[in-house]
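Order of writing sets the labels: A, B, C and D. Residues in every chain begin at 1.
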Amino acid sequence: MTDATVRVEHATRTSRFGTVLWIVLLVVLASVPLWGDRSDMRLLSEIFAYVALATLWNLLAGYAGMISVGQQAYVGLGGYLMFGLAIYGGVHPILAIPLAGLIAAVLSIPVAGLLFRLRGHYFAIGTWVIAEVFRLLASQISALGGGSGTSLPASIVIAMAPGRQAREVMMYGAMLLLVAAIVGACVLLLRSRYGLALTAIRDNELAARSCGVDVARTRLLVYVATACGTTMVGGLIFLQKIRISPDTAFSVNDWTAVVIFITVIGGIGRLEGPILGTIIFFLFRQTLSDLGSVYLLILGAFSIAVMLISPRGLWGFLSDRYGLQLFSLARRVRHRS
Amino acid sequence: MPAILAFENISKRFGAVVIAEDIDLSLAQGEALGLIGPNGAGKTTLFGIATGTIAPDAGKVLFEGQNITGLKPERRCRAGIARSFQVPQPFDGMSVFENVVVAAAFGTGQSEHGVYRGCFELLEKCGLADKANRTAGALTLLDRKRLELARALATQPRVLLLDEVAGGLTDEECAVLVELIKDVRQSGVSIVWIEHIVHALLAVVDRLVVLHGGRLIANGEPEAVIQQPSVQEIYMGIPADG
Amino acid sequence: MAEPLLDVRALDAHYGDFQALFGVSMRVGAGQVVSVIGANGAGKSTLMKCIAGLIRSRRDAILFNGAEVGDVPAYDMVARGVALVPEGRRLFGSLTVEENLLIGGQHGRPGPWSLARVFDLFPILRERRNVAAPSLSGGQQQMVAIGRALMANPDLLLCDEISLGLAPAVVREIYARLPDITASGMALMIVEQDIVQALAAAQQVYCLQEGRVVLEGSAASLTRERIAAAYFGVRSAQGSHHGAA
Amino acid sequence: MELLNILLQGVLVGGLYAMFAAGLALIFGVMRLINIAHGDFIVLAAYLSLIATEGLGLGPLTSLVIVVPLMGVVGYALQRGLLNATLGKDLLPSLLVTFGLSIIIQNGLLQVFTADSHKLSAGAIEVATIKLAEGLWVGVLPLVQFAVAVAVIAGLHLLFYRTALGRAFRATSDDPTVAQLMGLDNRKVFAWAMAISMGVVAVAGVFFAIRANFDPSIGPARLLFGFEAVIIGGLGSLWGTLAGGIILGVAQAIGAHIDPGWQLLAGHFAFLLLLLLRPQGLFPKVFG
C-alpha cells in the first residue's frame, strides 16, 4: 500500500465554490470605501461585528459545548479597555484593539478557573454572573464616567487619522480585517487537530478522554481565544460609537441575545451558520425596524421555533439535505486500491 | 519483568451492592486474558477503574509497575491503555475516518497528517473502509462495535481492554474478529477481553478469570476453568453436583 | 386452554437499527408460572420491556386479558394489571424502603397485597422500613423490588433476572417465597440466567436464543441436554440457527 | 448596634432570595432543567399582582389568592406545551428555549406596561416597625416576608417528604424510566413540578413587588440572586437555599453599608468566593 493510494481531501465540490465565493466577497467588501458612502460602511461594519461575535459564540457553544450567556462581559471589556488605553495610555485606538484582546486573554484564564467548576446550565448562568460583575465594576470606575459612561475625547478621535473619511475607512477596514481574521482563524483551528478534539469533546466527552484528548486544556484554549476575539470586536464596536456606558457596553440583549438567536437560526455547530444567521437578522431588522423593540420578541419566538423544529438551524437543514459546505473543513479520505 | 497491568486489592461498591471485593489480578506482558461472569458481576466496572473513568474505593492500579490510580483517563490512554466500550460511544457528528484519526492523533501524540494512512489501513482491517466517510451516528450497531475496536487500536495501545465486541456477530463475522485479535496479539499487545460468546474467547485467550459478586472465583487455564463445578453453578445455575 | 392472560403474537422488537426480537410468540395462562431462559443478549429483557410497555410494539403483537396492548405506554399498563420487577432492581435511591413500596401501589389496583402483607412475605423489610434503599444488601433490595411490584396487585408479575449478582443461598431464599405470591392467583413470568431456579418454579418454559424462541415445553418434559444445547446456541441437530440473521 | 441592624436587614431580604431560589432548586432537582426565564416569571407575577390590585381593588397580599393559582396554571401549561419537548440529553434546547422565553416576556411586558417602574403599596404595614431592643428596629413587612419565605420552604419540604406527589417527584428524578412502571407519566409529573415552582414564583413576585420598584427589565437580576442562593446553599437542598439566600442577603447588606455602589458586587463576590472554596456548596445534596 503505497502512500499515494490514500489521500485526504479537505475540499468538497461545494466548498471549492465556497472558497472562490469568500475571496470574491472579500475583494468586493474591501472595495466598498472606494464607492460606498459613510452609512454603507457603518451598516457593513455592524454586520461584520455580528458575524464575528456569532462565529466566536458558535465556536464556544456549538463546537466546544460551552454554552455561555455572558459573552457581553468581553464585549464591554473590549470597549472599556480601548477607551482606557486610548485616553489614559495614549495608545492609538486601532492599536489598543489587539492590546485589549491580549489583556482580556490573560484575564480570562482565572475567570475560566472559576467557571469550569460549574457544568451545563450552571456554567451558563455563571458566565452571566461574571458579566454582571464586569458591568458593576465598570460603573465604579469614575475615571471612565462611572455609571453614566463617557465619550472618546475629540482630540483622540481627530488624531486617529487625517479627516473624517479617512477615519471611517480606517475603522471599516479594521472591522473587515478583524472579522476575516476571526473566521479565518476558526477555519484553521477546525482543520487542525484541535478542531478534531473540539468536535470530539462536543459529541462525547467520555470517549474523547479515553482517546487521549486533554479535555480541560482544550476547553481552556477555546475559552481564552473566544474571550480575546470577543474583546477585540467589542473594542472596535465602541470605537465606532465613540461613546460608552456600563449598560450599553454590557447589554445582554445587544451582545448575547441577538448573537445567540443569529447562531441558532443560522445553524449552530457549523461555521456557515452565523454568517447566514446574521444576514437573516439584518433583513429581519430592516423590515421590522418601525416596530421598535417588538422585533426582539418576534426574533425570540422565531428562534424557539427553529430550535424545536430543526435544532441544527437553517444551514444545518440545508447542508444535511444537499451536502452543502462552503468551508473546506471535511476530511474525506480518497483511496485507489 | 513486572506485570504490564495489575489490580492490587481493588474494592468498589455502589451503596450496599459490592462490585469488587479486594481483587488482585495481573496481566503479564503479551498475555491474553478472558474475563467472564454473570451480568452485574463488576466486569465493566473493572475496566472503568483500569482506564480511570471510575475511581476505586480502595486498592491500586499499576501499569508497568507504576501506580496510575490517580492518573486522568487521557494520560492513561497516552501511556498505552486503550479500551472499547460495551455500549459503543462513537463521536456521532464526525465521520468514521475522523473518529479513528482523533484516537490515533491524540492517543499517540503524532501529527494529524502522520496518522492518516495508518488509520485507513486500520479501517480496512476492521471492515469499515467502505464506510470511512459516513457519519458515525448513522452506523448500524455492529459497525459501531467495529468502530470501537478500530478506535482503540488506533491509539497503538500496549494493553487493549475489549468489552463484549463479539456480541451479536454471525459465525463468519466472529471468525474474522478472532483472527483480527490474534494479529493484534502477534504485534505484542496484551489483551483483557470481557465476552459472553465463550467459544470466541476460548480461541484467543491463554487464561480465563471468572468474576462473581465482586470476587474472583476462578483463575486459570481456560478449559479447566470452564469445567470447574463452581463456575458451572454460578455461571449457568447448573448445581455443583448436577 | 381457556383465553390466555397474556398472548404474545410474532413480536418483533428493535433498538434503533438493531433488531432484538424476531417473531416471538408465547402464552401465559391466568395463575400460571412461565420461565424464559437464555444466554445473555438473547433478548429476554427486551421481551419483558415490550410486555411492560417500556418499548412500544405493534398494537396486536401483545394481548393482555384479551385486549391489544402492544402500543400501550408503561404508565398505563400498571392499571391494566401488569407489573415489572426490572433487571438490576433499580430502587429509587432517595426514597426509603417503605416509600419505595408505597409508590409501587400508588397507581396500582385494589387487592390483597398491602404494606403489611409485603412485610409478612419479607419480614426483614419491616425492620428496615425507614432505611434509605441504597443502604440495603443486594438480596434485600431484590425483596423490596418484588414487594414494590406486588403493591400494584397485578394479574401478571414480570420478574427480570431476580438472581442477578446475588449469592446462590439468597437466590434460593427469594425463590422459596414465590409460591406465597402465586397462591393469590397471580400469574408469573420469570426471566432468568439461573436455569435451576427457573425450571423448578415454572410449569411452562421458553428458551430464547439471539431473539428467537428455540425451545418451548412444559418444565418436566425438557431434559438438561436439550436446555444446555438451546442455552449455549451450540449447533443442535437442526443445524445452524443463524439463517438470515 | 448598627452592624446588628445591617445583619438583620440582610437576613430578612435573604428570605426573598430563598424564595427566588426555591423554585429553581425544585425544577433542577426533579428534571435537571434551569429556567433561564425564572426571573422574568417573577416579574410577570409582579405585574399580574399589579393588575389584580389596580383592576380589582384588592390588597397586594390578598392578590396572592389569584396570582398563585394563575401562575400555577401558567407553569403547568408551559411545561406540557413547550418545555417537555426540550428535555433530553442535550441541554442546548432547554437553555435556548428558556433564554428565548426570557427575551419574549421582557419585551412583551415592555409593550404592555412600558418601561416605567411600578411598586405595589401594602399600606400601613410597610412603615410599621417593632422595637426589638434599644436602637434596634425591624420593619413588620420584612418580618412577615421572611416568615412567609420560611413557611414556603417548610411547605415545599413537607410536600417533598410527606406527600405522594413529593414521592413521585423524587422517584421520577431518580429513575424516570422505572417511575413509569409505577404508573407515573413523566410529562405530568414534570408539569406539576413546574406548576408548583411557578406558585412559589408568584409568592416571591408579589412580595418583591411590595418591597421594591420593578420594571420589565429586572428579571435576569432575580434569576442571578436565586441561582447564587442555590449554589451557595448546595444543589437541590431546600433548606440549603434558605441559608444561601440569607448569606447572599447579608453579603449585600454589608456591601451596601461600605458603599451603596457595592451592594450587588458584594453579593456576587460572596458567591464567587464560595464557588472557589466549596464548589459543591455548603449543604450536601439532600434529595434528587
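One rule holds in what follows: a residue touches a chain if its C-beta (ideal position, glycine included) is under 8 Å from a C-beta of that chain, and two chains touch if they have at least 3 such contacts.
Quick caveat: nothing in here was measured; it's all calculated off a predicted structure.
In summary, no chain was found to touch both chain B and chain C.
Relative to the C-alpha centre of chain D, the farthest chain centre belongs to B. Set against one another, C-D and A-B show the most C-beta pairs in contact at A-B. Chain centres here are Cα means. That of chain B falls 49 Å from that of chain D.
The distance from the centre of chain A to the centre of chain C, with each centre set as the mean of the Cα atoms, comes to 55 Å.
With centres taken as mean Cα positions, chain B sits 42 Å from chain A. Looking at chain C, residues 93 sit in touch with two or more other chains.
Taken chain by chain, the contacts form a single closed ring in which each chain touches exactly two others. Under the contact rule defined at the top, the touching pairs of chains are A-B, A-D, B-C, C-D.
Remark: chain B residues 51, 53, 72-74, 77-78, 82-83, 85, 89-95, 97-98, 101-103, 105-109, 111-113, 116-117, 120-121, 129, 132-133, 151, 154-155 touch chain A in the complex. Looking at the complex, you find that chain D touches chain C at residues 164, 167-168, 170-171, 173-175, 177-185, 287-288.
Those residues of chain C whose C-beta lies close enough to touch chain B in the complex are 15-18, 39-41, 87-88, 93, 133-138, 141, 161, 163-168, 192-198, 210, 224, 228, 231-232, 240, 242, 245. Note for the complex: chain A touches chain D at residues 61, 67, 69, 114, 117-118, 120-122, 124-126, 128-129, 132-133, 136-137, 139-140, 147, 252-253, 257, 260-261, 264, 268, 293-294, 296-297, 299-301, 303-304, 307-308, 311.
By the touch criterion stated above, chain A contacts chain B in their complex at residues 1, 3, 6, 8, 192-193, 196-197, 199-200, 202-204, 206-215, 269, 330-333, 335.
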